[in-house]
Amino acid sequence: MNTFGNKFRLTTYGESHGLAVGGIIDGCPSRIAIDMEAIHRDLVRRRQGALRQEEDEIEWLSGLKDGITMGTPIAFTIRNKNTRSEDYDQLADCYRPGHADYTYEQKYGLRDHRGGGRASARETVARVVAGAIAKQVIAPVEIHAEATLTGPEDVNDTHGGVVSCRITSLPAGIGEPIFNKLNARLAFAMMSIPSAIGFEMGAGFAAAEMKGSEYIDRWNGGLNASNNQAITKTNHCGGIQGGISNGMPVEFRVAFHPVVTLPQPVECLTADGEMRTLQVNGRHDRCQVPRAAVVVEAMAAMTIADLI
Amino acid sequence: MNTFGNKFRLTTYGESHGLAVGGIIDGCPSRIAIDMEAIHRDLVRRRQGALRQEEDEIEWLSGLKDGITMGTPIAFTIRNKNTRSEDYDQLADCYRPGHADYTYEQKYGLRDHRGGGRASARETVARVVAGAIAKQVIAPVEIHAEATLTGPEDVNDTHGGVVSCRITSLPAGIGEPIFNKLNARLAFAMMSIPSAIGFEMGAGFAAAEMKGSEYIDRWNGGLNASNNQAITKTNHCGGIQGGISNGMPVEFRVAFHPVVTLPQPVECLTADGEMRTLQVNGRHDRCQVPRAAVVVEAMAAMTIADLI
Amino acid sequence: MNTFGNKFRLTTYGESHGLAVGGIIDGCPSRIAIDMEAIHRDLVRRRQGALRQEEDEIEWLSGLKDGITMGTPIAFTIRNKNTRSEDYDQLADCYRPGHADYTYEQKYGLRDHRGGGRASARETVARVVAGAIAKQVIAPVEIHAEATLTGPEDVNDTHGGVVSCRITSLPAGIGEPIFNKLNARLAFAMMSIPSAIGFEMGAGFAAAEMKGSEYIDRWNGGLNASNNQAITKTNHCGGIQGGISNGMPVEFRVAFHPVVTLPQPVECLTADGEMRTLQVNGRHDRCQVPRAAVVVEAMAAMTIADLI
Amino acid sequence: MNTFGNKFRLTTYGESHGLAVGGIIDGCPSRIAIDMEAIHRDLVRRRQGALRQEEDEIEWLSGLKDGITMGTPIAFTIRNKNTRSEDYDQLADCYRPGHADYTYEQKYGLRDHRGGGRASARETVARVVAGAIAKQVIAPVEIHAEATLTGPEDVNDTHGGVVSCRITSLPAGIGEPIFNKLNARLAFAMMSIPSAIGFEMGAGFAAAEMKGSEYIDRWNGGLNASNNQAITKTNHCGGIQGGISNGMPVEFRVAFHPVVTLPQPVECLTADGEMRTLQVNGRHDRCQVPRAAVVVEAMAAMTIADLI
């Protein structure tokens, strides 16, 4: 289903080369004066360096009155303007390697082959809009993400990387035990981002090779005077214990695989099982990771907004 | 909430040193003859090498008639017998480092301090029971997990490790696009396991350092004769594209941090912010990873059962 | 939350005098050729006799390719054109009797007072669009509703009535036992329609005054040759037993209270607890029941589409 | 699915003649001292006058510590003791009229024919337990239901009736607009009770025959001094406008059809479409309505607990 969240809930729609992409935000508290400029800034971060440049002009259809949330659903639409669908004509009946062409066809029996259709990362624009609103809802909790590793740059090739994210000022006691752990909810949110292939909290995979006496986060003694919460000397657990925030910063990383549209020709598979070598013409970036950081922030913000 | 899944749904209950742990499985199809021996085998795998040895005798309260599922809720109870609650008396008013003692107290304002209470890995017994049933529901899909890395063994210390899991015979087309991606659902399931701290599909974090031309899974040409599905030369994506299975094996790994109960005395925090050095007496294993493999299988089986 | 359904799911948005009303249909099966004319006919039924005449021109933003569903979210927008917001200026700071003005203000702390805002029956246009699609999804199941009672017509007054609905060709075995009974789901759907105040299945409230020997639906003997299903001599239960359809027509009635905007001046309440006599100028119908029939059909169709 | 509610959530299990019935209450706030005597009183009300007398002894398996809720799932089990399954042997292969025998068989392909199996009103014992806890959670909101009409008593026959319910001290502003209206949620809850066949709020079906000027609830002037909320001269709407409580008592009625097990022999249908006249021996009451009142209260209490 195309809905994220339970209380703060985003439902998105739209194909890459359809009329529009957009969404409905449901469960946003009333009486919040939305900072439109902050939304605009996040959209700029999302499209920085992209070959396909869209204006991303948002039309607000409901839920706001003089820029103030009313508690009713906030619907928004962003028209797709800069499409070059003819670039994709040759893909109508064959599947690129590394893309979701084949899996969509298997699931639905048809697909919109233009620009990746629904599977395109174009849909993340709706996540960024909703995430920018979520950030305003959860203030003073703050979220910051950035690319901390990018793969090897090489002529005529693509690469991926890692985004690191840090959530600060989140009080202790947020999250659910057992299944809906805060770390599980964050993993779910992050792994839903296009090209995400790994997730780790705190020390992450490195923790698997540590001794317990190295890993364990020792109490720093006393309670934080400003909020009466405990602090630890290290933060290997990434700010969550038993699925519930402990008051320390929540820290995690998301790995992204390289962009799967290569600049050079690739062998595609036809519905008949034949191979066909194609030069895919669509505008595809060499590396999406710097742009993914704001999407990571958006998903984290919506996860937190859904829980508090 | 203590429920996992939407269609195939497990709700669990129970504290480590309470009367019992157990659960209700809802949405299990009718007319399946349950192989009780298979459930027993998985429970044995879960408790192998554990210091606290429970018989894990299951009482089936509903949902079965002559061992056949009726489509009605399957409730089961496992009594806690081998508890030594007096070991935990000293923890009633102080919080161990690395445990969920403090976060539960922050969330609920009270907790059952005996044996970790609800936060204990004791609750995974219910997951294993439901997972063993889920495996029978999803046949011929098969799931196999095992510990492929364990941290450094050292006298007087604990360690963690990595569990690798492989799902075979899953047809292409399973999973949802956008938010409820199969990989996102698996990440959610795995990160809910006690001590899980990282998750990666296919090439995982290593993919972040690969070039696109290395990473991309090329078509092998032709379709698999037995099921008419496509195959790829490599499986760096881990069997999922655009959130939907592509017919190749689904492969992922889960990192576990070291056991957080150290054999030596540790400094605990009291509610007043004081430090108190305690020797925790409860029976705690040095490494939980070999036992975690069957829990990984259980969560994977329930995730798949929920989607097909 | 502004979402109806679990598998076939409608999320709506829009205020009566905002830019637009509309929705996102999620979970609609792929490869259905939508009959746009049928949607148009239902929209005509919904606005027949209404004082405020809107064209209800639908813009389809996603999910369709050449009029065929793709399995992706179907987003649609209907612009509000024929608004006369100035009619409502006097209501900005006072609450009409019988309306949701006061309750919205209590819940959200603010409201859009123009034309009832989100609480206006204007939002049912999105239900009718989605319902018309749901009808096409559930074919050959058929749904027919009509006004079977309208209250006393009188000069200078409003009235309500009863809509009767019949679902035919629904096979036996549809619905869930215990909480999500088909009758409970229908009651939920119908009571969500603006002005609905009562719901009854089959013999309904009259059954409370019958003897068991009169009420019980006796088997007619043999099985229906065309579908091998049982038939009963009467249908007092309305086609559902234990929450599950029994193959007979599903029959229910929905009572609607009179339109609460009276033609004559009424005493309104201000936020300060003062009374103010106002003549409400908005265009309000004397009786909404004939128009409500198609909304009843829409909600029934979505309920069934969600279950099969 | 066998779960009711979203935040305050009950999942039930158990067949009438199985080992036990029971449930898991999830989402109950922590630190509530449960009044066990109040639960006992409601269970006594539920079984008053019943032919099958069960002790309804509750075993609490989790979630409580010294009678105080911990915020973790509360699991409870009630053993079935007073079963006479041999009374039902003759029903193994045929379907009684008016019962869910046929519909369960159609849905699941098998059923527990003893005492109605899962479809038996025996399952309402779990609702009453959870409802009694919900009442304590929502205090000072109060709920009172009673039978206000019972059908014609006659020798050798059964009858039904009507239960009226009143919720007081519920503040204004509770409920959701559009689909999850408080009245829709109550209708859903009530129509899920075995034998419920009609639901109406306030003036209900009678409102369909009133003029608007009679129906409309006029403001009484001023605000209630004790809670600063508005009051109306009448309460024809039943305390809910636009799906949201308005601070007046919430009032509704539930119609129950007659008990469908007649004292005299009835014609049953076999799987082959044959008719067979049977005297059903199970212990069945002549009228269930007085006992249903406490179930109505339980469902109302859980509905309110889920929303506040």
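As written, the chains take the letters A, B, C and D, and residue 1 is the first residue of each chain.
Basically, contacts are C-beta pairs under 8 Å (C-beta built on N, C-alpha and C of every residue); 3 or more make two chains touch, one makes a residue touch a chain.
No experiment lies behind these values; they were computed from the predicted model shown.
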Please flag the chain sitting at the greatest distance from chain B, going by CA centroids. C
Could you classify the chain B-chain D contact as same or different, where same means more than half of all interface residue numbers appear on both copies? same
Take the average of all CA coordinates in chain C, do the same for chain D, and state the distance between these two points in whole angstrom. 25
With chain centres taken as the means of their Cα atoms, state the distance from chain B to chain C in Å. 43
Centroid distance [mean C-alpha coordinates] between chain D and chain B, Å: 36
What positions in chain D touch 2 or more of the other chains? 1-3, 12, 72, 107, 118, 177
Of all residues in chain B, which touch chain D in the complex? 1-3, 9, 11-15, 18-24, 26-27, 30-31, 59-63, 65, 68, 70-75, 77, 107-112, 117-118
Once bound in the complex, which stretches of chain D touch chain C? 1-4, 12, 95, 97-100, 102-104, 106-107, 118-119, 123, 149, 151-152, 154, 157-162, 171-181, 183-192, 194, 196-205, 207-219, 221-223, 229-230, 232, 236-238, 240-247, 255-260, 262, 264, 266-269, 273, 275
